[in-house]
Each structure stands twice: as structure tokens, then as C-alpha cells.
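In what follows, chain A forms one complex with chain B and a second complex with chain C.
After this line comes the complex of A and B, so read on.
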């Protein structure tokens, strides 16, 4: 009994006991799968037969044009969504937080509602909006301008437009909320001081809000990069399945899904997953380093 | 403490007795996954029938309907990991090679199939086989036929019975276009190859060379496929065919488009009848069924397409019972009649095709919908139904076709010859 008691009351051990649930979950659901993914990426796995194949999955991956296209699609999508989903939500947040804004609560909820919808439902609705049928919403809009119906999802740029629109529609509200929270933490005195110095609304934004929002911006950028690179469900739902014309909607995760689940090549799919992990890590660490969130502090001149 | 233990023991024994007693009376529970609602209804009905005639081997069938991709992916993962698979599962023909990868985690059904093997169209078994081992129980033949919209054609002065070749068909299309602009003679598929497969087998060709089953080779750059795709490109250039919304007629968009009554011909497997009846009700009484056109008179006029093989998994608790039930449900005479009556499919036991009382029943909803009887056409083409191979390379080929090849050929109307060469190389590179 004393052993147990000594164990439970030990100041050294207690903290570990408290974090044990997290460590265990993390080990079971993250570390173990990661380790086994690394092992599997060197194997050829079929039901009932597993074979070590060395680096051949990786060699295949590097030589695959379709994988190149998937990477291109994912990176392009990620760049566009980052370019849209940081400035606009920030602007909207600034506008809604502004004192002269009327019925701010209404707009806040209006922007936030899409976040609560499921991707699957939203994707389905967008697919119908962008459908090939002449009576579908987007084709009807074209009809208003006297233009003929087009195959929205069979064209590279119009299908990309559908994906980007869906993403912006869903995430503007979320990012806006992050920025509004960030703005709340900026002390009012700074704005008052700026006003005394004669700053107008624009200068207050560029010289007070923007620099002080940096930590929030870095956070939003980091998750946007990851979300952009890991996009899959949106494309799957909007195109109706994982096969899109000319692979326009194929993302890295879509490629992984194609080989892992559709073609049941778990070994190869593991290599794809690791490539995605490494890619996202490199981009994000570089981004964090450049923005100064990690690494040596730069001294101000 | 002792009392408590004794009570616990007594309680557990009691529970055990109750458990054993109920287990004796309880029917064997069998789980089944399918991706088509009509199939689930059919299996439930067949389970009821089975229980009536097999009082000593009662089953409790639990059929679950899942989405196509969702179901097949869940099944593949369950088979791979050995956990979570249903006892019975419908597997679509295009997906079948995927569940046969490696060492199939499925039951060899040769014994269960034995009583029916003589009555079944053999090629319908071999598409679900690996070597001599049969793993899937077929549902239908899926013989392709032409559905002609008599109302539209007659309005343009065309008699569908005079259409024998694709040339006749194109000429009729031009006439139709002139008479009723905005109405198309047919459609071109961009996400599948029902029509293209038919056009290939008419010429005696296939998408792949399966002469060595262990090492099938794609054969895309062939003169036969070239002819098939160029013919369809010409339809589009002439404006007599429309690129099917949704990629093919067996999609929601495709059916919605058909329902607007602008398409005079649908060339699809026989099972598409059920889609007409259930999902395109507005066109009842407009379509007649006839053999599909050919390039030259004398070529085979049909191909068996699509299909579902039902498998029994190795994790099934009562394999012999599951095997007996599923073969009985799908291949016995009771089952075969039901397959036509309930689902409107062409049974794999072609003897049923001659049972006039069954096939020409005027009360049957499929007979009511169409102007002609489908079995008249089926019996006419009975000896001409060809097949394309379905092997381990089929999923890779289908994926390239629907994502790239058909789009290039029919939407962008690119040069067919060089596209087929590119496709051949791309598919060869993607096979492993």
C-alpha cells in the first residue's frame, strides 16, 4: 500500500499521471499509425500477402505524372485559398468590429452559418448548382445573360471556381471569427493614441490592427496551408466521386484514396501519405520560420 | 463474499441456459451489404421464401444498403484487415478484380453452385472467378439492347425496325435532327463505356488481351476501338448525339435529361429497363425494345454488361448456409423468376427466357412500360451475346477512360488515333 501511496503522492510522478491519457491517445492514434505507415511504405501489401519491396513505392511515386498533377492541383488550391481566406475575412472582421457597423451580430451569424454545415451536404448542393443540366443554377445564371449552358465540372477553370467558391463560402466565417478574437485582444488605448496622432481608419488598420494581428494571421495561415493541401472531401463531393475529368479535381489525398482504398495498394498509398506529411511540414516550418514565429528572434533596427 | 460469489455463479448459469435455449430456436443471422436498394428488397423477399421451405435452416437476413464507393471501399478494407466484413456482399463487376487481389478473402462457391451450374450462362460465372474458383453468384446477363423512342421517331417519319446498321442509325439521326431540332438520336458517354464496349465486341475485339490470364495486356490502340470512337465522334460533329449529362444515362443527371424526352435511342444493357420504370416514369409507353445496330450485318448484336456478383466472406459464421442461400436465391427457378418479376433483369438461367407465362405476363410492370416485350428481343439475340474481359487491369483502365480518354475524345474532340496511342502508353505505365 505504501508503494501505491508513495507513487500517487509523488510530486515527480503525478504530472505524468495527469498527462497519461493524452500521451496514450497520442501514442495509439498517432505514433503507432505513423510508425506503421512508415513500415508499410516499404512493402507491397495485398490481402493475405505482404512483401518487402524497399524503395520501389517511392521510386514509382516520383515517376508518376498523375501524382505530379495531384501535387500541382493541391498546391494551387492551397495558394488560392490562402490568398483569399486571409485578407477578406480580416477585412470583414475589421468591418464588423467597427463601431459604425450596424447589426453586426446578424452579419456575424450569417457568415458563420456555413461553417456549421457538413462538407458532404455543402458539396452536394454545389454539385447541383454547377450541374451540366441546362436548368441548373449556374447555367440558369448564364442563361439570364443569353449565354448557352456549359459543362462546368468538365472545364479546368470553371471546376476550380466551384471548389474555391465552396471553400470560401464555408471558411470565411471561421477565419473571420479568429480575426475578430485577435482584434478583441488589441488594447483600445493604441487606437486612441493613433487617433490623437491624426490617423484615419485606413492608417489605424495598417499601422495598429495589421501588425498586432500577426500571431492570429500566422495561426490562420498555418491551418489554411494544411487544410488546402489536405483537401479531399470537397472535391469528392463536388465531382460526385474521386474520378474527375482530366484529373482536374484530383488532390494529393484523392490520389492516396485512389490507391489506398479504390485500388487497395496500401503500401504505395502509405508512401503517398508520408510524402504529403513531409511536404506539409516543410512548407509550414518554412512559413513559420519566415514569419518569425519560430527560430531566432530578429532584432529590430 | 462467498454468498455473493455463489449468487453470481447461479446467475451466470441461468443466463447460460437461457442463451443456449434461445440459440437453438433462433435463426442464423446473416449480414449482407449491397449498393442497390432494389437488390436489398429482393434479398429480403428471398430470405422469407427460404425460411418457408427450410424450416430447419432458418436465417435472419440483415441487408444494409450503402453508397457504391462507400460500400466497396469498406468491403476492401474489411477484407484486407480481416475485421468487419459482412457475411454476404454484392460486388459490382468493375470492382470485382479488386476483391480478388492477393489471396482472395472470399469463399470458393464451386460446391454451392454445383446444382445450378448447367443452367447458367458460363461466361457470367467466369467473370467472377480466379482460375477455376468461382467467387461470385451472378444476378443477370445484362444483354445490351436498343431502346427506341417510337413517338419521337415516328414524328420524324422514321421506323426503328428499319435500323440495322450504325449507318442506318446515323442517317435516321440526320433525318430526325432536320425534322425536330433539339431532339437527339442518341447520346455519347464520357464516364463509362457501355456503347463503346458493344461496338468493340461487334467487331470481335476487346479492351484487353486476356489470353494469358496471369498477365492481361491492354489493347487500346486497335483499329476496332478506333472505329468505335471515331463513329461516335462523327455523331457529335453531325449534331445527332448529345454528350450525356452526368457522363452516362445511369446517373441522376442522365435520367433527368432522358426524362425531358429529347433522346430517341438509348443503347443500354437490359437492366436499364428497371431504371426506366422506376425513375423515368414520364416516358412510359413511348419506348420499344430492339436489337442494337451493328457495323456490318451478321456481326453479333449484343454484349453482356455490368452486373453484380454476390460473395461470401471467409469471416462468415456459417459458410455452407450462406452459400446455399445465396445460390438458391439468385439461381434457383424461384429466384430467377423473382429476379425478372421484382427487378426486371434478364436472368442468367436462359431457360427462364422461354417461360411465356412469366415473361409475357401483361400485369408485369416492366411489360406494361414498354411497347414491345424484351424477351422477344432477348431470344432473338440469345446466341450473339458477347463479353469483354474483366481482369486485374480493368480498374486501372476504367479509371483512365473515365478521367481522361473519353473527355479528350468526345468533349475536346481530339484526334482519336493519337489519343488511343497515348492511352495505351499511360495505362501500361500505371499497371503494377
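After this line comes the complex of A and C, so read on.
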């Protein structure tokens, strides 16, 4: 007993004891699943029988039109949300930090409230707002302009609008906070120096705030790319389940869910998951290179 | 003389500019705030209008005070429907399940993750950098990609339809480890040696010295982890199959049917599900915001 005690209490062993919970979780819920999903992607798995099929899942994936549509939907959603949820929150953060802005604290708190609501509650509310009933919110707005009610969720672009609005509603306040936190670390002297050089508010933004917010922007961009490509729950909630008319709401993860959990074709679903993993990794490495976070001009991380 | 005049004019135009800017900014942010509040206001109005009205006319901003009643709320709390008959529902079973999971998961995650973070920050050991790269790797890969093999794994470990199945994969939370490590790196390490000199062993140093001074980091993370557990849908939905073990998000999701028969419960239940977090936000706003923005501040 004392031997065990002395062993565990020694300064050499203690660090490993401290990190043991992570190592175990990593092995059991990350490495093993990752390895098994790679293995499964080369197999055809039906309940009770497993067959090694080599690359045929991947070959099938390349020719799969529905998968292509899912990729298109996810990438389009990701690009639109990045294009909306980075520049606008940054601008809003700059504006709300302005000296002329009164009760900024109140507005910051207000914009943060959607972040607190779950996808489920937000999804239910948006689904009812975008329902085809003439009295539902979005249709009643159309009514104000004398336009007839439409089936919001049965049309490609109007259903995309619902998903995009849901995303913007939930994340504008959050991204504003990220940018405000980034702006806090910009020294005031820089703005004063810019002022002495005759810079106006716009120039101060383009020449001081924007370049110095680069680390924050990279961070927000990274999480937005991942969240955009891996989007599923939002679509699941707004459309009511994983099926949508003409697959307008189908995403890559939705396709994985369809094959893995609905059709129980785990081999094919694994190939879908790995395609997403590779895609996300490639985009992220490319983005880190382009923005200069890694690569030849390596900055301190 | 001329100079004074120009200066005077400059000041004056500057003042006018800032007054105009002030009004413009307030107007702009009020409008943005109003737009952001629309879904929540519509939801709260909906709880008073009742499910039948929602099913007929949909969710909108029309208050229709004449139709207001508290009957939907009465149904939520007492199980007595609009029509006055007793029809028990499971909402508070789900509520309780979620509450238990939030409390357990938050406590255990904070404890385990700070334990791991301490190991990473305070010691030099073989393989440390590789292992920390693993933390970053997990942080980078979205859970959705691994949900299928994780499900298979949970199945083979007999963790399905079990609350531990919901929690276990996330107790050594990488984002919490990352956050705690950053926090610990800012604390003085002399404290530890002082503790060792006083006869504390390696673990006692953590429990008696480090843990008590990690309060601020703990508060921020507890809110983040707790909120995540309260709102999480996908993984619990995969793990849990029996209705009496549903968490609140799973349960709420099942209430939305095309027949509209559960709309009373769904709308009040959705509203009531946001309430605990909203209350927490009112009292602990700083911690919530610190926790949520923790990742963006580089270390």
C-alpha cells in the first residue's frame, strides 16, 4: 500500500495522474471512435453482417448527387453566415464602443439574450414565425405590403432565409462581444496618434481597429466555418425533422444522420463524416495560411 | 481674430456632429434591439394567447389582448387543460432530468477539467506537448463528425439510455481545460512551493491551495458548461430513448406535431425553459460573458 502511495505521490508520476482523465476520455471517446469510423468507412455494415468493401463507399460518395446537394447547402450556408456574421458584428461593436454611445451596457446585455436561448426553443419559435399560416409573423409582414401568404419552408430561398435569420439572430450579439473584447486590447494611444494625424472615425476604424482585430477575426472566422459546415440542429428544428422538401434543408451532418441513424448504413455514413472532417481541416489550414497565422511568417501563438 | 473664429466654428460643428451621432447611434441600436426582441416577444405573447389560437393563426406580434388567458400556464403547472380536464404531462419530469444533468455535469466537468489543466500548466513531463496538441485537436473537430462512432462506442459500453452516457464523453471538457490552463498560467507559482514546504503532497497542493483561488475561473466556466448542458439537444437525443429520461430540449422537440394538440404546453414550456438561464443572466451577467468570450482571448 505504501509503495503504491509513494509511487502515486511522487513528483514524476503526479502529472500523469492529473492528466489521466483527459487521456482516458481522449482514448475512449475520440481516438477509438475516430479509428473505428475510418475502418467503418471501408465497410458495408448492415445489422448482423459486416463486409469489407474497400473504397466503394468513397466512390459512391463522389457520384452521389444528394450528397453533392448537402455539401452545396452546407457550404452556401457557411459562406453566407461568415459574410454576415463577421463584418456586421465588428462594425456594430465599433459603433457601440464609440464615445458618443450612451447606455451601451444596456444594449450589449439585450443583444446577448438570444445567445442564452437553446437551438430548440429558438428553432420552435422560428418555425412558427415562418409557418405558412396567413397570420404567422413572416406572412403577416408580407400582408402589410399587400403580398399573399407563402409556404416559407417549402421554397428553396425562403427556407434558406429562415435558417440564415435564425443564425444571425442567435450569434450577432455573441460575435459583437468577441470583437468588443478584442477592441479592449487595442491601446488608446494608437487612436490618439491617429487623431493627431487627422484621422476621422471611419479612418480610425479602417487603419487601427480593423488591422488590430485580426486575431479576433481569425478566431471568429474559424468557429464560424466549423459551425457553418457542421450545422444540423438548426435545420432539424426549423424544418421539424431531418427531411425537407427537395432536400432544401439537407446539410452534410444531416446526410450523415440520415444514413447513420435513420437508414443504419454506418459504413456510408462514416465516409460522409470523414469527407466533412477532411473538408473542414483543408479549409481551416488554408485559411490559417492565407491569414498568416501559420506558415512562413509565423506569429507567436 | 480669424483664427479664433475658425476654432469656435470647429468646436461648434464638432459638438453638433457628436449630438447627431449620439442620436443616430441610439436610434440605430434601439432598432436593432427591437428586431432582436421580436421572436422572444412573439413567444411570450403566444403563451397568453393559447395553443388553439397559435395553431389557427400562427405566432405573430399581434397582442390580441381580448383573447388573453392564463390557461396555458395553468396547464403547464397543474396539468389541467384549457377545457378543464386533468391531463398529466411529463414537462416537469424532463425539467428535473435536465436540472440533475446540469448540476452533475457542471460540478464534475469543473472539477475534472481544472484537475487536468493543473497537470498541464504546473508540471514539465514527457509527452506534455504532444498531449496538449491532442487537446487542441479535439477542440478543432466538431462533435457532429464523430457522433456516429461515439454512439457505437456508447452502445458497446452500455451507456445508451443512461444519464452517464450523456455526460461521460464531455467531463474532461477540452474547452474548459484550455480555459483553466490559461487562467492558471497567470497565477503565481511560488504558492505551490510554499505549500510543498509546509508538507502538502502534490494533490493537496491542488486541492488546498489552487482550487480555492480558482473561484473566478470556476464561475465563468460553470455558467458556460451549465448552459451548454441545459440547451444541448443532439447527443442527449441520440443517447436517451425512454420518455421518462428525456431532457427538456428533447421533450420540447417532441411536443411540436402537425396536429397542434400540444401547443399549449410547447409554447409555455419553451418560455419556461429559457427562464432559469435568463434569471441567471440577470444576476451573473459578468460571469456568463466572461465564460462565453473565454476562447477568443489569446494566451
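In the analysis below, the second predicted complex is superposed on the first by the 277 of 301 C-alpha atoms of A that agree within 3 Å, B and C clash if a C-alpha of one lies under 4 Å from a C-alpha of the other, contacts with A are read in each partner's own complex, and residues count from 1 in each chain.
What we mean here is this: a residue touches a chain if its C-beta (ideal position, glycine included) is under 8 Å from a C-beta of that chain, and two chains touch if they have at least 3 such contacts.
Not measured: the values here are computed from a predicted model.
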_Which superposed partner A:169 touches (first chain B, second chain C, both, neither)_ = second
*asked:* Output check: A:191 vs chain B and chain C. Expected answer is one of first, second, both, neither. What do you get?
replied: neither
*Considering only touches as defined above, state whether A:116 meets chain B (first), chain C (second), both or neither.*
second
*Considering only the touch criterion stated at the top, classify A:15 as touching first (chain B), second (chain C), both, or neither.*
second
_Looking at A:266, would you say it contacts chain B, chain C, both, or neither? Reply first, second, both or neither._
both
*When the two structures are overlaid on chain A, which partner does A:42 contact: first (chain B), second (chain C), both, or neither?*
neither
*So, A:178: does it touch chain B (first), chain C (second), both, or neither?*
second
*Among the partners chain B and chain C, which is in contact with a greater number of residues of chain A?*
C
*Thinking of the overlay built on chain A, is A:60 touched by chain B (first), by chain C (second), by both, or by neither?*
first
*Mind working out whether A:29 is in touch with chain B, chain C, both or neither, as first, second, both or neither?*
second
*Please write out, lowest number first, the residues of chain A touched by both chain B and chain C across the two complexes.*
131, 133, 240, 261, 266
*Which of the residues in chain C end up touching chain A in this complex?*
18, 21-22, 25-26, 28-30, 32-33, 36-40, 42-43, 46, 54, 56-62, 112, 115-116, 118-120, 122-123, 125, 128, 131, 134-135, 138, 140-153, 157, 168-169, 171-172, 174, 177, 201-203, 206, 227, 230-234, 238, 249, 252-253, 256, 266, 270, 273-274, 277-278, 281, 285, 288-289, 292-293, 295-298
*Within the complex, which stretch of chain A touches chain C?*
9, 11-12, 14-19, 21-26, 28-30, 32-34, 36-37, 40, 92, 95-96, 98-103, 107, 109-122, 124-129, 131, 133-137, 139-140, 169, 172-174, 177-178, 181-182, 185, 215-216, 219-220, 223, 226-227, 229-230, 232-233, 237, 240, 253, 256-257, 260-261, 266, 269-270, 273-274, 276-277, 280-281, 284, 301
*Of all residues in chain A, which touch chain B in the complex?*
45-49, 60, 66, 131-133, 151, 154, 240-247, 250, 258, 261-266
*Which residues of chain B touch chain A in the complex?*
69, 73, 76-77, 79-80, 98, 101-105, 190-191, 243, 245-246, 251, 253, 256-257, 395-396, 399, 402-404, 407-408, 411, 430, 432
